[in-house]
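Each of the next two complexes has chain A plus one other chain: chain B in the first, chain C in the second.
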Partner chain A sequence: MNIFEWSFLSGVLTATAPVLLAALGGLLCQVAGVFNIALEGQLLWGAFTAVVVSDATGSAWAGVAGAIIATVLFSGLLSGASVRLKADPIVVAVGLNLLALGLTAFLMRQIFGSGGTYSSPDLAGLPTLAELGLDIPVLGPQSPLVPLALLLVVAMAWWLTRTRSGLRLRGAGQHLEAAEAVGLPVAAYRHGVTLAAGALCGLAGAQLSLGNVTLFSEGMSAGRGWIAVVAVMLSSVLPYRLLLACLLFGVAEAFGFRLQGAGLPQQAADAAPYVITLVALVLAAVWRRRSHEHA
Partner chain B sequence: MRKTPTIAAVALLLSLAACGGGETGGTAAEAPPAKSIILITPNPVGTNSFLQLGVKGAEAAAKELGASFKLYESKDPTSIAQNVDAAVRAKPTVVVGISFSFDDVFNTVPKANPGQQFLQVDSCAKDQAPNLSCVSFKEHEAAYLAGVEAGLLSTSGQIGVVAALDTPFIHRWIEPFFEGAKSVKPESAGTPLYVGGSNPFSDPARAKSQAQTLTGRGVDVIAAAASGGNPGVFEAVAASGGKAFGVDVNQCALSPGNVIDNVLKNVDVAENAAIKEIFNGKAGGVKVYGLAEGGVGVNALGDDLASSGCTVAASPDVVAKVKQTRDDIVAGKITVADPLAG
Partner chain C sequence: MTAPALARRVVASAPVVAVVGALALTTLVMLVVGVDPTLAYPALVRGAIFDGNLEYTIAAFVPTLGMALAFALPLRAGEFNLGGDGQLAIGGVTAAALALLVPLPPVVAVVLPLVAGALAGGLVAAIAAPFSTRLRIPAIVSTLLISAPAVSLASYLVRFPLAEPNTGIAQTPTLPDASHLPFMGGSGYVTIGLPLIVVLTGLWLHIDGRTVTGYEIRATGQNREFARYGGVKVDRVAALALAGGGAFAGLAGALIVLGPPYRFVDGALTAPGYTFTAVAAVLLASARPLAIPVAVALLTVLQVGGLGMEREAGVPSQLTQIVQGLIIVIVAVLATVRARRGVRG
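Now for the complex of A and B:
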């Protein structure tokens, strides 16, 4: 395999990583019966806070930690409003997405004194694995958060199918009344998964703003959180399928870039992820219907 | 007690209305309306360097003409229309709007207010009324000069452009750039890639991926025409050891040592000149600013090149060639094809 193909795979992983991390959060919520569509806003919030903390401390890892903490707090708004106060989670999530967009733009002007894009030599980006001494193909140019995302997929699959707590969580999501009847703390589960999704979106944001690039730009999540929501819907709540769905988008994006270079118009290359989403949704629906008919 | 401010406000409004009535009546006792300029931006100015230049140009013109200056910042298309309405009611000497965002409003409003002068900078409404003047730029001439630098400074002979979208207007930064490179090194090969996606003008992550796709194929000089995505392009060339070009304003300081030069658009110069012409009674038409008029350029042509932070400063022979090419374009010896005219 030549350099070009290695770089293609690497490009796929770069495009996939932030979407996958956010989608893992979405999946966890879905397992517990919480439909979380605030991923886009949390991703953007995570990207912003990662840059703020990294810029202030000069440490990328402090930035990652800051993004996780800040995004958990941010997702606390969703868990507090929807689980505790019983507000419609969809409405709250839409509000949070809008809040993140406006709040990051506003705080950016307050903190950095500038709008648009912020980048600075003080801003520490995540090191690549190659810089950490692991110069292997494909993963070498990635930040450590990329293999972490892949490991999290395995860990989540194991946890949800092989551990007592994971099975209980699934039970609470699949049959609320039954779970309550056997005395499971369903509300606590829901708070927990929403906050955990916040932590994962914080990681996703840090990967986007300190891993993929080293800067913050207004609205830089650019729909990746929505792609993550779609990936969750496609996954049938199975972590490995979620990985496949996210990789599909990564391939579509990286492939779209290369198709453009080969002469495909940008508008057509741009449509690739959305066409794939539509086709995948339709196929998933068809499969589901078939399996129901056979059952 | 609570009602007092309301009453005061109503009284104030009534008195204002009375003033307005007096003006339209044109009574001899009233002083002639003072000269004034109202500038409307399509977005909040903030650190948008392009809009900052627009404000600077109008402010300078106002100062030199002894006119008052007001800035109306818009947030979205609706507020653009509201700001234009408010500006027309204030009856300034000229209402200035920046960018293509005013194409719609300036199609209709100038016709409805034939006594008011309008100026549109960096675009022109399709249905141009006689009281609407327009300023546009020959961005392709500056892109050609940048291409000359790229051709001379690229070692691989492969150059590229990362642009926000594949639209006719944005092509002004693409083909002329490649043409310029070919004029000094005929074997130069150019590849354009587009950011696209759901936020093409502010997606540095995608812009960086595109730039990496280019550097992965051996491209070593990339012109960034991706607006908010440009820093992503600069990061990609910094990692691969290549070089980039910025756009509109001096972006060399954004990524020290990695930016050769910028395709500049001197909005302030052109706007200032256009406002003065309107004040002198030469309104209407489209004024096009190219290299000859100083409306576009590159940092290599500037007096402050040494302090600009642009790496082209280290190559005096390239600067000399750029100056010569500029002179040839101004003298008409070289004609840069306009992709928009295509």
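Now for the complex of A and C:
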């Protein structure tokens, strides 16, 4: 078997995982009728807190747990401001994204003593599946959070279509008044999905800073949270389509990485995921428009 | 209104509450991480206003005000332009390329790059217009997605085709003397970019408040269906507003490049965070265009002062980003809390 292709597929999965985890949170919010564009800030906050806790405890899993807790708390700001106090969720999210950028850069200097990039031998990264005794192609070099992300896609698809609670959540998102009329606790659903998205972004951040690499650098989310927002828009709130959209981004990033190795300027590799995501978004919108016109 | 009543209204107004609230929370952050606020805040004020720093603050006010208009103009039409960084960078690199590659006579050598920068910025923003109006892709997402490759493109141009030869530094050569923006008075920082952006801001305020175009932009922003029903060509108005916003961003980029140090240094346009300082300022001014320059001035003082605070008191300047983020969140919350109170009477 060609080692080149296995390693490329593996690279695609590595690039996909953080975006997919964050996008699953965004999808859950979308299902309940919450437009969550604070994923970028939460992803960054998760990546940072994962590194802080892992560095302090020497345990990567403590880092993952810390990131989940810290990012749920952070997303509490969003659910408190936009669900409880009914503030404009877009404006609140813009503020929170900026807050996450500032807080992580500021606290990084206070805690680690310098800006830029932090890595240290004290910092424990997540083990790979191969290290845990599961040496299979493609998945072997991944952290356990990667297969977890894929399982969550299946679980969410099942939950949203096959269970009573999942259907209720979808109902609350599709028709607010009807859902309230039949007595569904819509506000509680919205708090719930916003906080759940926080937990998923915490996982996504931990995967980014302790799985994909073992370091934290300023602004390392680098637009992945926004790509996740686009993936949600592309998904028509179907988890399997969400996976496809995220894989598209993963392919673009892994391919850009390869092109860079082949001598193309770094800027082209940086731009590739955004351009491809944008093209996909436009094509999907054009296609949807056409099918509406024919219908 | 009596003087105490007026004073009470000012103190309780949303922007004042937001700034005070954000500063209070930031002070809390300082105390938690062990920074002494009695050292940090005086250093911040000194860094922005005293010791000859005021000049630098005024110089930073110019691009920040430009970026504020880049965000505010589309917002009036209901479009979120978060792609300011890309429009800024493309405007800057266009102006630099024109000044470097085309020999131009005096005056024209300043005017043409500025105009070209504005056009280029407007064009970058206008790409998002049909996505928003025809394909229903929110501008907040498309402008941001376009911004990243636009910044990469500018970075590529500055590092390779336009790079200063044989230095290995990611910057263009110094622009020819004819393209240098003249200074104001005896300043070594403040250029004629200041009166230019002030006049353009005045022009926008006039268009926004007193012309049919301004009315149509506002009507489109407030209720698009109603505006369409009233005969406003809403798609065209939204596109115009986005392009106009992008033009201000492009102009801001051109003004930076034609000012000292008279070259495009890779990253120098986007690193100071003009785009989001401006977003915070516009949201702080919450829909009152006249308040925008005031809010921009306040946040520029915070931003520039933050650098002084870092130099003097060793407090990371990223603290000012925390303040900006908190201001935006608090303004958003206050807006609805007040609206609900208003409804209850």
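Here is the rule we use: the second predicted complex is superposed on the first by the 280 of 295 C-alpha atoms of A that agree within 3 Å, B and C clash if a C-alpha of one lies under 4 Å from a C-alpha of the other, contacts with A are read in each partner's own complex, and residues count from 1 in each chain.
To be clear about the criterion, a residue touches a chain if its C-beta (ideal position, glycine included) is under 8 Å from a C-beta of that chain, and two chains touch if they have at least 3 such contacts.
Remember, predicted model here, so these are calculated numbers, not experimental data.
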Chain A as common anchor, with chain B and chain C clashing or fitting: clash
First (chain B), second (chain C), both or neither touched by A:V94: second
Touched partner set for A:T49, first chain B, second chain C, both or neither: neither
Partner chain in contact with A:L215 - chain B first, chain C second, else both or neither: first
Touching partner for A:Q30 - first (chain B), second (chain C), both, neither: neither
Partner chain(s) touched by A:G223 [first = chain B, second = chain C, both, neither]: both
Touching partner for A:Q267 - first (chain B), second (chain C), both, neither: both
Contacts of A:A254 with chain B and chain C, given as first, second, both or neither: first
Contacts of A:L278 with chain B and chain C, given as first, second, both or neither: second
Touching partner for A:R109 - first (chain B), second (chain C), both, neither: both
Residues of chain A that lie at the interface with chain B and also at the interface with chain C: 109, 115, 223, 265, 267, 270
Residues on chain C engaged by chain A in the complex (per definition of touch): 29, 33-35, 80, 82, 131, 134-137, 140-142, 144-146, 148-149, 152-153, 155-156, 159-160, 276, 279-280, 283, 316, 318-329, 331-333, 335-337, 340
Contact set on chain B toward chain A in their complex: 44, 46-48, 165-166, 191, 193-194, 196-199, 202-206, 208-210, 212-214, 216-217, 228-232, 235, 254-256
Residues of chain A defined as touching chain B within the complex: 3-4, 7, 11, 14-15, 18, 109, 113-117, 119, 121, 208, 212-215, 217-220, 222-223, 253-254, 256-258, 260-261, 265-267, 269-270
Touching residues (chain side chain A, partner chain C) in the complex: 37, 77, 81, 85-88, 90-92, 94-103, 105-107, 109-110, 115, 223, 226, 229-230, 233, 265, 267-268, 270-271, 274-275, 277-278, 281-282, 285-286, 289
